[in-house]
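The structures come next, written out as structure tokens.
Both complexes below contain subunit A, partnered by subunit B and then by subunit C.
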Partner chain A sequence: MVTQPSRSDRRELVHERIFTAAGVTAAVALVTTIVLFLLELFIASRASRAAFGLPFLWRSEWNPVTEKFGALPMIVGTLVTGFGALLISTPFALGIAIFLADYADRKLAEPIKYLIGLLGGLPSVIFGLWGLFVLVPIVSKFEVWFGKLVGSEALVASGTTGVGLLAAILLLAIMILPFSASLILESLLVVPTELKEGALALGATKWDAIQNVELPYVQKSTVGALVLSLGRALGETMAVTMVIGNGMKMPTTLFDPANTLASAIANQFLEATSPVYVGSLIQLALILFVIAIIINIVARVILRRGVQQ
Partner chain B sequence: MEEPVIVLETQKINAWFGKDQILFDVSARIPKNRVTAIMGPSGCGKTTFVRTLNRLHQMTPGARATGTVLLEGIDTSTMDVVDVRKHIGMVFQRPNPFPTMTVYENVLAGYLLTGQRLPRQKADQIVETTLRKVGLWSEVQSKLFKAGTSLSGGQQQRLCIARAIAMEPALVLFDEPTSALDPKSTSVIEELLSDLTTEYSIIFVTHGLQQAARVSDYVAFFMLGELVEFGETKRVFVGPQDKRTEDYLSGKYG
Partner chain C sequence: MKNKRHVSILLTLLAVVAVLASGCSSQRGSTTVKELSGAGATFPYPLYSKMFDTYDSATGVRVNYNSIGSGGGIKALTDKTVDFGASDAFLTDQEEAAMGAPVLHIPTCIGAVVLSYNLDGNPALKLDGTVLAGIFLGKVAKWNDPAISTLNPSVSLPDLAITVVHRSDGSGTTSIFTNYLAAVSPTWKSAVGAGKSVSWPTGIGGKGNDGVAGMISQTKGSIGYIELVYAVQSNMPFASLKNASGAYIVPSLASSAAAAAVSLPNDLRVVIVNSPGADAYPISAFTWILVYKEQNYAGRTLAQAQALGKLLTWMLTDGQSINEGLSYARLPAPAVTKALALVSSMTYGDTAIP
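The block that comes next holds the complex of A and B.
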């Protein structure tokens, strides 16, 4: 039998409507903000687009005096530091995650996990400061040593600074390490015990089981974790700005001062006065935005496939 | 009654999880080419007992065990653990084929995991004969290169049996292998057991009395970590010698 809704039912209905309306408003506001934000960036950078057009993407001159701007050195700087950092940190991240998941005693694993979380939450300016005062002098010594080794006087001479691509890569590698290690660890921890024991029961050693059962099982989520870490590295601003050297020329060696898209903006937005200069910096932001979106989509696609499997 | 040939003998096995003692002086003699059922109420140490045999118990953090296990007369503590596990196969409660491997690779998993390379012809032959032994060949012949997890639950469990016997073990431990399966798949596996005894010796953990009665030649009754009674299944079911066995058989404990 169908009955009239009671009074309390009706009240519940009203509550539900209010809640739904509030939720929808919040969601719409968020999306609108992002769209407006992009639109604003697009409009504010039109002077630069009018002056350089699409070739902005592949011109490598950046000269505020003559107001000639091209983004290629920064795009290269961003990709080189991002992928370089990923390349260096990945073996360590895998090692840490495997150690914590399969070898470490719980008494040892818990504090290490805590420390990794702490390291991941450290403000990047602290990494930057450490990079500048500790890492950069080491890189500088290495540069001089390396310059002598290959007989390059230019390297020996420039080695007095130490700031540049290599310092940024090393610093980024350290910064994304906690992030990728904990993501990989999480996926390793959900490998079913039955599978590990199944492998051991067949005479596999622990390492056999890790190599042939656990790692293939987490392969996709690991790749996803690494892509997310890459996204972090590409967008990291403060720490990189402090150690990369604000070089606007196309870098030719790893020791060259350079800029990433993010660090170029941070280094120069205060000096940018003309509309073309400001517009060019904003275009750098747009490029970074697009790269970040692509990386995120790739990561999500990979992760989703990993889950389905 | 003539004395059966013994494949595995345990002497005074004690096992612990942390401070909790799970097994107390378990000494048993497991006959060759027979199904020996391990039965008893939940938490009586059945699973722990079989897991001490292939030393999987000791892999759990905080778990340890003492005592001697003789496999065909050889003390397994003098053997490498990897070899022990090659000679003592295991089938788990829930089917656990490796999801990243094909049916074909799952059968050969014991070789692949330990890095043994087999010539193609030999590998094909092992896969076919092993799958025939578990009655799976005709069902999966066309799916050999699909994921092992694409099979039905009962087929997955038979694939796991195939994986264990592909290593030609002397003894196979079954740890309640049908508890996650439907009745039909259960009876398929039960029927399979007696075929397997022509080549292998089997220890079969179960908490079902009927199942123990149906599948086993010998039965070991465990309670509170002690081996209470061991004997031919018929004899134990008809005339239990221990009061506790009798109570269990008449349904006094879960």
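The block that comes next holds the complex of A and C.
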């Protein structure tokens, strides 16, 4: 009777140690993986840096025949499509989340939530097919209409394919919408009821409560949700490849074919054999990695400032 | 005590079985090989998988083929992780140097690249090399350009912008097509050049044959290049092309095979685009299997070398009957003779493989 608790104590101590060890191992493994990942990308892209150095970042020629490479068109393509998609999808995501959290009744909200989840889980190649067969023809019609509106002969003459930056932006906006909407919704749902009811009790309208109580409360997690969505947009490959036109030249309008870092790598890596070519593609991956890190850091800085104020 | 004895008897039995088994397998390994592996080009994959399936049921030798792309196949052979590689473009001098040992190029079939387009009424178009280069350089920008209409007096061509569709991924198809353009147009050769992927002066890119075909079917006024096999299977219209002897040739298995019915170099490491043959379709090319000439490397056995030689010989002889059913052109007899000579030039330890 006396030894019983001590034995279980000891057993618990052992369990705790095992658990701690497992936790530490997992944490260390995660960090190590990321560091090794960066290191590997850095080492594997040596040939490219040796050949082009830093100007690789702002040169816009990509010629596998003469082996002259520059990443600028793909960097621009990645940032324009990513931020463009975020810009378009954010108002919708906020609207959907607020509607589901505060306006829709359960009978309506539950099926919508289910559909959003379903949309978020669709493989990106399906979005790509839909984009190619449905979205691209619409964009193409818009292009012709817009060309006539601004009287640009060049747009009407050459840019009527529909594939290009704009199609990619719209498709990405739709693809990240369920993602950001459901993340924002999750955070809206955990706003304490006391806060909401307090605001209403003080005579605030529903909209006042949302604007002054709920939205400030979820500000931080909303920025987090948007950064996650942006990350998804920047790294999306298959769907983008199918609608962006895969032009390796610097785009000059939203209707031009362009390319993103991820899509260029996926397209060209298999058949790239020369060390400089392979190195340059891996260098693109390194740039994408660094862009993702920078965006995360910037998001953190914004969040901290927001909290301090 | 009794238990222990049981265990020791069991262990002894196991050891005996293990020794017997290993003895057996090493003995059999020196006489027959049941498995070969290869990797590379995606273009001949349907043909190879049918060939290897047939070969397995005929001989009991399994061939694992991974269609990871020509580049991947070349890399796998360089790393010596496969028995053979497969490529739609022959090795560049740089790639061959990286191999570190002489490599044989064994052609297995002939592929053709066709120009498909999207115009109302699907008119049968005729094109020549100069006009084609002009289109892909962006200099011939409209369908009613005199350059095209003089070749097609009977077709009424619309006042519509030409949208060029090309491959966005590196591919043997692009290599064949750009090699043709470089062969017929000095401007193309100096401005763009030839390769598995090039810096396109104009147009939009689709991934794979299906990507290009999708873009073409989506876009009025587009023109793009795809493999003959793919165009036939998906019922797409394609243009006839003026060949080196001045005749307009409709791409087909017969006309692409005719491109190889000319005098060929003994190593068969040759681009047969713009072939001088009178009936030859000008954008035709071999696809090759790549093997090391000296088979005694990386601990390979004589039996493996023999099995590989037998497989290649079969693919060049009996296996050829599979080609046409799958829309791949057969090798003409002179090409087969030269290819068989290459296979028998393989060595093991510097002596011919028995």
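What we mean here is this: the second predicted complex is superposed on the first by the 252 of 309 C-alpha atoms of A that agree within 3 Å, B and C clash if a C-alpha of one lies under 4 Å from a C-alpha of the other, contacts with A are read in each partner's own complex, and residues count from 1 in each chain.
Here is the rule we use: contacts are C-beta pairs under 8 Å (C-beta built on N, C-alpha and C of every residue); 3 or more make two chains touch, one makes a residue touch a chain.
Because the structure is predicted, anything quoted here is derived from the model rather than measured.
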item: First, second, both or neither for A:Asn63, with subunit B first and subunit C second; value: second
item: Contacts of A:Ala199 with subunit B and subunit C, given as first, second, both or neither; value: first
item: Partner chain(s) touched by A:Thr252 [first = subunit B, second = subunit C, both, neither]; value: neither
item: Touching partner for A:Leu132 - first (subunit B), second (subunit C), both, neither; value: second
item: Contacts of A:Pro216 with subunit B and subunit C, given as first, second, both or neither; value: first
item: Which partner reaches more residues of subunit A (counting touched residues only), subunit B or subunit C; value: C
item: Touching partner for A:Thr273 - first (subunit B), second (subunit C), both, neither; value: second
item: Set intersection of subunit A contacts, subunit C complex versus subunit B complex; value: none
item: Residues of subunit A that touch subunit B when the two form their complex; value: 105-106, 192, 194-195, 197-205, 208-209, 212-213, 216-217, 219, 309
item: Residues of subunit A defined as touching subunit C within the complex; value: 61-66, 132-133, 136-137, 140, 157-158, 160-164, 241-242, 245-248, 257, 259, 267-268, 270-274
item: Residue ranges of subunit C in contact with subunit A within the complex; value: 68-72, 74-75, 92, 94-95, 141, 161, 163, 168-172, 192-200, 203-207, 211, 214-215, 218-219, 222
item: Parts of subunit B lying in touch with subunit A, wherever the complex brings them together; value: 54, 56, 59, 61, 82-83, 85-86, 89-90, 92, 94, 96, 98-100, 109-110, 112-115, 160, 163-164, 167
